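Below are structures written as structure tokens.
Shared between the two complexes below is subunit A, which pairs with subunit B and subunit C, respectively.
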Partner chain A sequence: MTDFLSTYGFLIVTMLQAGLLGLSLYFPLQAGQLSLASPGFYSLGGYVAAILLTNPAFAGLRDTLGNAMFPLTWLVAAVLAGLLGLLVGVPALRLRGIYLALATIAFVEVLRVISLNLSITGGAIGLFGIPQPFGIVDRWQYVFIFGPLLILTLLFARQMERSRVGRALRAIREDELAADAMGVPPTRYKVLAFVTGAVLAGIVGAMSAPLLSSWNARQGTFDASIAILAFVLIGGSRHTWGPVVGGALLTAVPEVLRFLADWRLVINGLVLVVASLYLPQGIVGALEKLGRPRPPQRPTPVKPAEVRP
Partner chain B sequence: MELSQFIQNLMNGLAIGSVYAIFALGYTLVFSILGIINFAHGAVFTLGAYFTYTLVVGQFENNGLLKGVNLFPDGSPFSGQPLTFALATLLGATLAGLVAVLIERLAFRPMRSRGADPLLALVSSLGVALVIVNLIQLLVGAEIYNFPSNAYGDTPPALSFTLGGKIVIIRTVQVIIFAVSLVMLAVLGYVIGRTKIGKALRAVAESPTTASLLGISVDRFILITFFLSGFLGGLAGTLVGTAFGVAGPYFGVVYGLKGLAVIVLGGLGSIPGAVLGGLVIGLAEAFVPSQYSAYKDAVAFALLFVILLVRPQGLLGRSAIQKV
Partner chain C sequence: MPYPAQRRFQSPSFALPALSATLALSLSLGAQAQKVETISIGVAVAQTSNTALLGQEQVIGAKFAEKFLNGRGGINGTPFKLVFQDTGGDEAGAINAFQNLITKDRVLGIVGPTLSQQAFASDPIAERAKVPVMGPSNTAKGIPQIGNFIARVSAPVAVVAPNAVRQALKLDPKIKEVAVLYAQNDAFSTSETGTFQQTAKDQGLTVATVQKFQTTDTDFTTQVTAVLNAKVDLVIISGLAADGGNLVKQLRQLGYKGLIIGGNGLNTSNMFPVCQKLCDGVIIAQAYSPAQGSAANQVFVKEYTAQYKKAPPQFAAQAYAGVQVMVEALKVIDRKKKLNTWELDDLRVELNKQILLGKYSTPLGPIAFDKEGEVIQKEFFVAQIKMKDAKTGSFVYLK
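For the complex of A and B:
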């Protein structure tokens, strides 16, 4: 068991983390909004935690709070990510489809370049020596941090889907104009979904900074944007479980393929291509289809009788 | 700013901007016909540079599975003359175009025929990009390969002239890049605006269904579009490679992202827009004051973000009418 945990513990934690990031993209997608901004908020959250936990300016606060400092970093990251999400989301969510995707890619890139150049974020080197929370000695123990968050998020998503908000988001996804006409204000709900995703990504970032014990500008890149999109689409974008399953599996693929050595990353790319070709509804969607009873076969049409005059 | 510095920046901006333009045209062509962004375009750019390098030099001596393989033991027939180098560039771009055709056949067409979510095209094209980039790394390693300085004959490395008592130096390769890009743009403009193929392409872009009813083989013209797109991407890769070196399997990523900024700035799907957007971003980057040069890479994206908020259809794009 100890062997298993020391080998795969970190992988399991990153699988949970990937599922959470997938969910952060899933929230705006529920309203039909393709936002690729999650890595930006993730990176922001990580920087917030890293700064609060290593910057000498907060040394006094750290001494007073002890371990309570870590939940505080989550809270601060959540608030700041939410505010930034509001600031970016209000103008950006007037855009639709691919335009929104491109605007959020630009947002992530601008944040990345800024964080590369500020002194408080440690420039290109980044911040390191981030302390471990709650006396964690082995990285697999982060399961106890990411696991509860994942469960809470799933419960939250489930409740939200069943609520008025969830119905409003689905209405906007299916037809924004019709939803508007029925008295569902699209902008307000779209921003709400976007900010929810931003807050989640910010918290995950704040939890991940101690996990990696260092934080730099490579944490929020364009590649990560698409990787997270892949979690959601290949897992299944119409189901709460989709991003979690997709995130966990796609994170595990490179590890499973380790025996392929140098060919591993090539095959990883192929997996993405093949999965998008053969699992258009995502893994969860395909499983659901399997479980559903097949529609009855259509009766073979009877040839119309030949009519002769 | 002094005039000599101004001219220097102007030339830098025009050279890189014209490369952005032809590269971004590759995105635009595919987007105007399929309505998707081909994220593998940056990888095709990289591939074009590597193809041309293979033709001109014949071997990758540093690393990778192909280390020690020499395509031309007696010296490359493509090296040493401007004309042969141009031929190698065209061949490299053609090969890149063929790869783009292959990408369409393997990764995009099956998805279209299944009627999959168009968003999935983003994921599968990124998968293709991962495959290409990592194959390059596997085959020839991650080292930077520079074209030999005499690859395109004995041209002087720079043109210099005095202006108002100051010396202005313009690298020859920048002039070549600018000239080649202009020629390419003119050829493309002719093909799309004046030939029968171009007419058919425009018809398919307007409405694939109507075009196919009129007897245009839509699938064939999608292939032609992908070929043109890959050709432009590969050519841009070679041009950048000659100027700054073939900087490893990932060097197309930055251009791939900037190309997105270019097409949005100019207007998604607009061909003159891509050209204008490329030049604007190239010049904007060139004129970033040197003390802020660390922020140079953010210029394109800041411009992209602002333009999306102020004028989402881009500088020259048509705003699509939202139909109910």
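For the complex of A and C:
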């Protein structure tokens, strides 16, 4: 068991992490907004944590706070990501569909180039030697950090979907004009959904910096945007569990198939292609369809009785 | 010929039970201490992703070491085995590869990973598990300082780069103004350019302009125009093969006539197809040169050239040296106490101690390690590219 945990523990944690990042993209998607900005906020959160945990300027704060420093990094990351989300969201969410996607990709690139050029973020090498929280010695113990966050996020998503806000978001997703006419202010709700995703991505970033012991500009890239989008689409974009299942699956496949050497990436590609071809609603969407009773069918027409003269 | 056909038929059905058996074995043997059965050394480099351009050369170098050193008796008569785990190009991949090598493959030591950024993520894992790591190409500042079990055969950039500037001044003593260009998204290039700029200042040169680019760029008009406007006599480029090659090409095409120095990232023949004839005359800072005169290197170059039909590149030579250091340290331990009588954990600790104690004559020349695990390498090289035609060229060693 210990061997299994030390070999695959890190993988299990990254599966949870991928699920959380998927959820951060799922929130704006609930309002029908295709935003690829998650890696930007994720990267920001990671940098916030890395700077707070390694920069000599905060040494005094670290000594006085001890382990309470780590929740503080989550909080600071959440607040900063939220503010930045608000700042970016208000103008960007005037765009729709593919244009919003492009604007958010540009946002991720801007953040990446800024972090490459600042000295506080360590340039291309990044920041390293990030301490481990709460006396964690093995990577699998991060389950106790990412796990509760995932549960909280899922509960939050469930409550939100059932609330007035959730209904408003769905209304905007289905038809923005109609929703507006019904008295649902689209901009406010779209920004709300966007900021929720940003805050979540920021917290995940702040938790991930100690997990990787280092942080650099390669964490928030266009590649990451696409990977996270794939988590949501493969898992199912209309269900809270979708991004979690998709993220866990797509993270696990290449690692579990390590013995196949280079072929593991071929299998990963096949999973992507097959899932998007045959499961347009994603894996969770398809499973849900299985559970539902079949819709009533038109009865097979009865042959008219033969009339004999 | 019935035999190959039969073999082909058998292999998949054989592989499955074997696989499940090893899985069950690795699960059941779990916690208790274990004797060393096979002598295996892990190699965790990037075999996929865009970092694989470097990683593939490392794989070739390491495989060559396995074949060549085993051919010469392995570890005092017992052959050793290399276990490869792909790190991909990211940090998570490197951590996963290390975890697999440490707990599943139960290797004695690890040669890897490819990138410095990956090393900052994965080396703490090995440090905690007390497994010696030999970085084959991690050149950033602070790598050996990650822990007691972390060492590297790749000399940090600070010592390689200055030689090239001195050599350029020897070729053209009238140089006054310098333009410096570097790939700002590459960890290696950003630390190398710092050294280059410092060296230029120390040599009394003026840095007229500093230009940044990205390793993914293909159009360098902005940077080249700035360089031409600054009217410099020397251009220093820190980048990788594809971007560096394109930059050299565009500098020449737009009319730059002076000397060009390429950093260690351009020390590969992969650049030749990019800038072709225009590569000619570029001065390159090298951590490894096939021209290095030691007997160890000359045998390595001869055997390598015979097998791969080209002179060994730097990444292959460094990966070879990494494996060689581990094997030679194991030989010394084996002479004192047979390797198969050791407990795995104790042997890993002992191997780390022995690595740092020894002196090795590798293709990189004679090397040793200081007590932090930093390589002490005596010889660095400066070469100039000479192109024979559009595709083939060579690095001519400058004395």
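Note that in this section the second predicted complex is superposed on the first by the 299 of 309 C-alpha atoms of A that agree within 3 Å, B and C clash if a C-alpha of one lies under 4 Å from a C-alpha of the other, contacts with A are read in each partner's own complex, and residues count from 1 in each chain.
FYI, a contact is a pair of C-beta atoms (placed from the backbone, for glycine too) under 8 Å apart; a residue touches a chain by one contact, two chains touch by 3 or more.
Computed from a predicted structure; not experimentally measured.
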Superposition on subunit A - do subunit B and subunit C clash or fit = clash
Between subunit B (first) and subunit C (second), which, if any, makes contact with A:106: first, second, both or neither?
-> first
Touching A:7 in the superposition: subunit B (first), subunit C (second), both, neither?
-> second
Touch check for A:272: first (subunit B), second (subunit C), both, or neither?
-> first
For A:192, decide between first (touching subunit B), second (touching subunit C), both and neither.
-> neither
Contacts of A:234 with subunit B and subunit C, given as first, second, both or neither = first
Pick one for A:263: touches subunit B only (first), subunit C only (second), both, or neither.
-> first
Touched partner set for A:244, first subunit B, second subunit C, both or neither = neither
Tell me which partner A:84 touches in the superposition: subunit B (first), subunit C (second), both or neither.
-> neither
Between subunit B (first) and subunit C (second), which does A:218 come into contact with in this model arrangement: first, second, both, or neither?
-> second
List the residues of subunit A that touch subunit B in one complex and subunit C in the other.
-> 116-117, 262, 265
If you look only at subunit A, which of its residues touch subunit B in the complex?
-> 34, 91-92, 94-95, 98-99, 101-103, 105-107, 109-110, 113-114, 116-117, 177, 222-223, 226, 229-230, 233-234, 237, 262-263, 265-266, 268-273, 275-277, 280
Which bits of subunit A are touching subunit C when the two form their complex?
-> 1-4, 6-11, 14, 112, 116-117, 123-126, 128-129, 137-139, 212-214, 216-219, 255, 258-259, 261-262, 265
Subunit A-facing residues of subunit C, complex | 19, 26-27, 29-31, 47-48, 85-86, 90-92, 95-96, 99-100, 102-104, 116-117, 120-121, 124-125, 128-129, 140-142, 146, 184-187, 189-191, 212
How about subunit B: which of its residues touch subunit A in the complex?
-> 35-37, 39, 106-107, 110-111, 114-117, 119-124, 126-132, 134-135, 137-138, 253, 257, 260-261, 264, 268, 294-295, 297-298, 301-302, 304-305, 308-309, 312, 322, 324
